[in-house]
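Each of the next two complexes has chain A plus one more chain, namely chain B in the first and chain C in the second.
Our next item is the complex of A and B:
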């Protein structure tokens, strides 16, 4: 019954999405409001239809209906309820359905919320977003079949087990016992982790969310309404998608750190990079779009960025789901590879074609000249906000290019043209990306202090004095703490400068209000954030990125590792820590996995600081090494049980000391807080430069 | 390829035509940036390049000495030896033909094919990975030593586990029902 409901609703959703695309295009061309309304209703109806299909799948998962091949492939009778629910996105078929329902929710909300305010764009917004939905629902319906069932068909040789969407002639439902014992598999144990439960939905929300800015940008190109309407309508959608994508990336890193047992959080694996690429272009877009809103420039470039972000999402989805790249966690080879590739190529080409068409007609001309080097001093112009924003974009795009080349370009091109595949290991990324990240942080430190048009060097210098002093003090703390590497000091310097600039700017804003309006600190701070959420939220994001950066530098440049074999009661010294091996336990958990557990005690300066239980779990078929970690802000002491003999008479431990690694997680929280502030609906009219608080302007003038 | 999409529109055409010297500055600036990025890529590639080869090629190609090579093969379970005290791991991998539909099947056939080229692998300083076992696919990076042993510095493993495996279609699961 559930399978039929699922099948029918997915099919209806597909029809609705296809119809919405066609009706919207026709309605837009003929100017028929009736057709456009009909298209809108169809596009919005996709969401409830897919919701029913998803609910049917969830019920099947919870009720253990193993006749559904998907349910059998991701759960078994021992799976706890929580993992039954999350199994919805535990494998390809379910996750594509889940992806489609999220996309339909975003689309329905975006259409409903902008129906009046951006009416002229609507036919094309509906057409583009419905086309993308139709594609994904089509993949689900025609290629991935989440509602396939097991059937028994009688034949002269015996009963055959057949996997089929529809009931084959003369088929019977296989007995429950057979399904539960022969066909039901548990969820891959590597995926049974909090980070893995939340990571895919976050990443998907980020990915599908970028459909909305893309659809609006394309609608602007198609309708000819090339004002900043599409940007204003999608600013918040972009920020929300960005925050989900960021969260997804961070949770993925956390999962790798906790579960994969190699002491790191980012391996520059092609699949990880595939999710990082849209983030880079999306971040460039978030910055560059301000130039168009406030200065009316970079219009073509912004179109390229928004299409680039969406195209990177599609490419990443294709690369991870098709098995294009030999990666440790690529999905198996799958039938969706070719359709996805074609869709990606088609959507990218059509978009670029539209841009070129409008560009050619002169409709994407900038309203100002960017940078006028001829009249004023070169240096002043070079440090203008426009130029710094362009550099920011160049850095993000350069990061995109080098990472894309390293993960996908080099292997594919060399295999096609040199007949020999060259892949690039993590050394490539560790060598190529740090200089670019360094430039990014330097720009983060200067750009917030610059002004549109020209930046007075004297003023820039003055604004930098306090942050520079604070950074210098911070560096002295590092040096006193024993930091001797000049390279690391340089890295810490530029990263912390960016953070102090952000903090100092917030302080300056509040201080100006406090003196001019006689407010107390709290009121002044709240008013500063309230008046210009985007700017000050942005500073908080910068602060978060700084904290993450310090964590990355510490844990990358100063990671220590060792491997020792200890007898019971034996103590090993490593770094500032000592560790004693106490016990060894073998146990069998409720879900049937066998656990080998070592008990260790960690000491610092003779004081016990933690008792850890690094573990080795053996699921039938899948062993897992679970680290034990003692986390402080200063460092993680991260222990893996890597081997043992004679019921643990001797045990081998691999130990990592990861300095400052926790700043990555804390910095991420700050970053999210900042994004929420920036995305929070403003109480007043949208900010424009002319309405800048008087006090802030006065303060800037006097600074 | 997607890179073409990211091509910067050469700072666009500013509304009033830019002064000639401005254009020159943009051109020089742009070229400098391109050169810097290209330099980064090339220096990174010399550091991180790994040539992907099959075991057949590895065994026969004499140009392999001193190149970092990436190679994939199927692990032969009874050859795995692990010295937990000194962290020395040795095992043998066999060549897997390149084109296959089902990874599990291809690995199984390759592991049981006595004709397949084989090579001994030595990994030092690493813990024995969880997934290293019979008929796992090993993806190795390292160099072929003069001793004919492949000294791997990176080892990753892929197992066709029951968790993601395609199910056989039309397999016989029971005797015919009465009256069939």
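Our next item is the complex of A and C:
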């Protein structure tokens, strides 16, 4: 029954999305409001339809209906309820359905909320977003049926089990016992972690969210309404998607740190990079969009960035779901590879074609001259906010290019044309990306202090004095703390300067109010954030990125590791910690995995600071090392159990000291807070209200 | 109309020539890098096979230092020093033996690459592949930078004639006094 419900609703959703696309295009061309309204209703209807299908799948997962092949592939009778629910996105078929329902939710919300305010763009927004939805629902319906079932069919050789969406002739439902014992597999053990449970939904929300800015940009290009309307309508959607994508990336890092057992959080794995690439372009867009709003320039460039972000999302989805690059995340080589590749290529080519068409017609001309080189020397112009923003964009795009090349470009090209498989690992990325990140942080330190148009060196220098002094004090603390590496000091310098500039700007804003309006600090701060959420929220984001940066530098440049074999009761010294190996236990967990657990006690200066239980879990064919970690703000003492002999008479430990790694997680929280402030809807007290009374007065006068 | 078409054809030709030049520079850089890497590589000396070596003097840390720059052949993209699979444990033992035999880190890596191909290292050892991998991103960066600078220069040239019209848009917000003034006026407007 659930399978039928799922099938029918997915099919109806597909029809609705296709219809919405067609009706919206026709309605837009003919100027028929009725058709556009019909398209809107169809596009919004996709969401409840897919919601029913998803609910059917969830019920099947919870009720253990193993006749559904998907349910059997991700759960078994031993799976706890929590993982039954999260199994919805535990493998390709379910996660595509989940992806589609999230996309339809975003689309419905964006259409409903912008229906009045951006009416002119609507037919094309509906058309593009519905076309993207139709593609993904089509993938679910035609290529990755989540509602396939197991059937028993009588054949000359006896009973045969087959997978099919519909009931084959003469087939019977297999007995539950057979399904539960023969066909049901638990969820991939690596995915049984809190970070892994939330990471995919966050990432998907981030990914599908970028459909909305894309649809608006394409609508602007298609309709010819190239004013800043589309930018205004999409900025918040972009920011919301960006929050989710950022959260997804961070949770993924946290998951890797806790579960993958290699002492790090970012391995430059192609699949990680696939999610990072849209983030880079999206971040570039969030910055350059200000140029278009405030100065009316960089219109073509913004179009490229929006389309680039969506294209990167589609490419990442294609690369990870098609098995283009194998890794931990790429859970399936599947039949969706070719359709996804074609869709990605088509979307990208059509978008670029449309931009070039409008550009050629001169419709994307800038409203202002870019830079005023006329007066007061060129250097001032070089430090204008416009130029610095352009540099910021160049840096993000350059990061995109080198990371794309390392993850996909070089490996694919060498395999295709030179017949040689290569891996570009962290050695490559740590050679090419640090200089670019350094420039990014330097720009983060200067750009907020620059002015539109021209910035004189004297003024820039004057506003840099306080942050520079603070940074210098910070550096002295580092040097006194024993930091001797000039490279690390340079890195800390540019990163913390960016943070102090953000803090100083917030202080300046509040101080100006305090002196002019006699407010106390708290009121002034609240008012500053309330009046210009975007700007000051942005500074908080910069502050978060600074804290993350300090954590990354510390844990990358000063990570220490060692491997030691200890007998019971033996103590090892490492860094300013010592660790005693106490016990060894073997156990079998509820879900059937064999666990080898070592008990260790960690000391610092003779004082016991933590008892840790690093574990080695073995599933039938998948080993997993679960770290034990003693976390402080200063460093993580991170222990892995990597081997043992004779029931733990001797145990081998791999120990990492990761300095400042927790700042990454704390910085991420600050970053989130800043993004929420920036995305929070502002009170509508802009400059416009003055107009209405005037018009009203005129009406009164004429009446 | 005809002129426009001619101009367009000239533009396309110019673009094609530029692309060709970039590709030539790209190929040349890779070739130079390849030559320099190839000449720097030492010949490999393989020790006598069959001899049993004592590996007890080789610490796990020494093994992992070498393994960190190798990649497991089974689980793609996981560095060898942290991979828990059986195959990787064997590879690490092999590294231990080779270290005990007195081979250098580079010799061991070269040995693995010879047997399993360039996919087992983080950056290919093969001079051509190495050049291709490392040169290309920098070249793309250089092209982007040159393009950016040339566009800046073109704007500058194009603007010399139309300066007077734009001066009104220049703001100097960062000045403390004017900043405060502007803030106050904004506040008054919004109250």
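As a working rule, the second predicted complex is superposed on the first by the 673 of 703 C-alpha atoms of A that agree within 3 Å, B and C clash if a C-alpha of one lies under 4 Å from a C-alpha of the other, contacts with A are read in each partner's own complex, and residues count from 1 in each chain.
The working rule: a contact is a pair of C-beta atoms (placed from the backbone, for glycine too) under 8 Å apart; a residue touches a chain by one contact, two chains touch by 3 or more.
Since we're looking at a predicted model, the values are computed, not measured.
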{"item": "Which superposed partner A:307 touches (first chain B, second chain C, both, neither)", "value": "first"}
{"item": "Partner chain in contact with A:421 - chain B first, chain C second, else both or neither", "value": "both"}
{"item": "Chain B versus chain C as contact partner of A:473, first or second or both or neither", "value": "neither"}
{"item": "Partner chain in contact with A:159 - chain B first, chain C second, else both or neither", "value": "first"}
{"item": "Which superposed partner A:185 touches (first chain B, second chain C, both, neither)", "value": "first"}
{"item": "Partner chain in contact with A:352 - chain B first, chain C second, else both or neither", "value": "first"}
{"item": "Which superposed partner A:78 touches (first chain B, second chain C, both, neither)", "value": "neither"}
{"item": "Residue contacts on chain A - larger count, chain B or chain C", "value": "B"}
{"item": "Touching partner for A:91 - first (chain B), second (chain C), both, neither", "value": "first"}
{"item": "First (chain B), second (chain C), both or neither touched by A:513", "value": "second"}
{"item": "On chain A, positions contacted by chain B and by chain C", "value": "261, 326, 328, 368-374, 390, 394, 397-398, 401-402, 405-406, 409-410, 420-428, 431-432, 563, 565, 623-625, 642, 652, 654"}
{"item": "Contacting residues of chain C [partner chain A, same complex]", "value": "59-61, 64, 69, 71, 75-79, 82, 84-85, 117-124, 126, 128-129, 132-134, 136-138, 140-141, 144-145, 148, 152, 155-156, 159-160, 162-163, 165-167, 169-175, 179-180, 183-184, 186-187, 189-190"}
{"item": "Residue ranges of chain A in contact with chain B within the complex", "value": "69, 73, 91, 152, 154-163, 174, 178, 182-183, 185-188, 261, 281, 297-301, 304, 307-308, 311-312, 315, 326, 328, 331-333, 348, 352, 365-374, 390, 393-394, 397-398, 400-402, 404-406, 409-411, 415, 420-429, 431-432, 435-436, 563, 565, 621-625, 640, 642-645, 650, 652, 654"}
{"item": "Chain B - residues contacting chain A, complex", "value": "1-3, 5-6, 8-9, 11-16, 18-19, 21-22, 25, 33, 37, 40-41, 43-45, 47-53, 68, 70, 72, 82, 84-85, 87, 101, 103, 125, 127-128, 130-131, 139, 141, 154, 156-159, 161-164, 166-167, 169-177, 180"}
{"item": "Complex contact set, residues of chain A against chain C", "value": "261-263, 267, 269-270, 295, 325-328, 368-375, 390, 394, 397-398, 401-402, 405-406, 409-410, 413-414, 418, 420-428, 431-432, 449-456, 459-460, 463, 508-509, 512-513, 515-517, 531, 561-565, 616, 623-625, 642, 652, 654, 685, 687"}
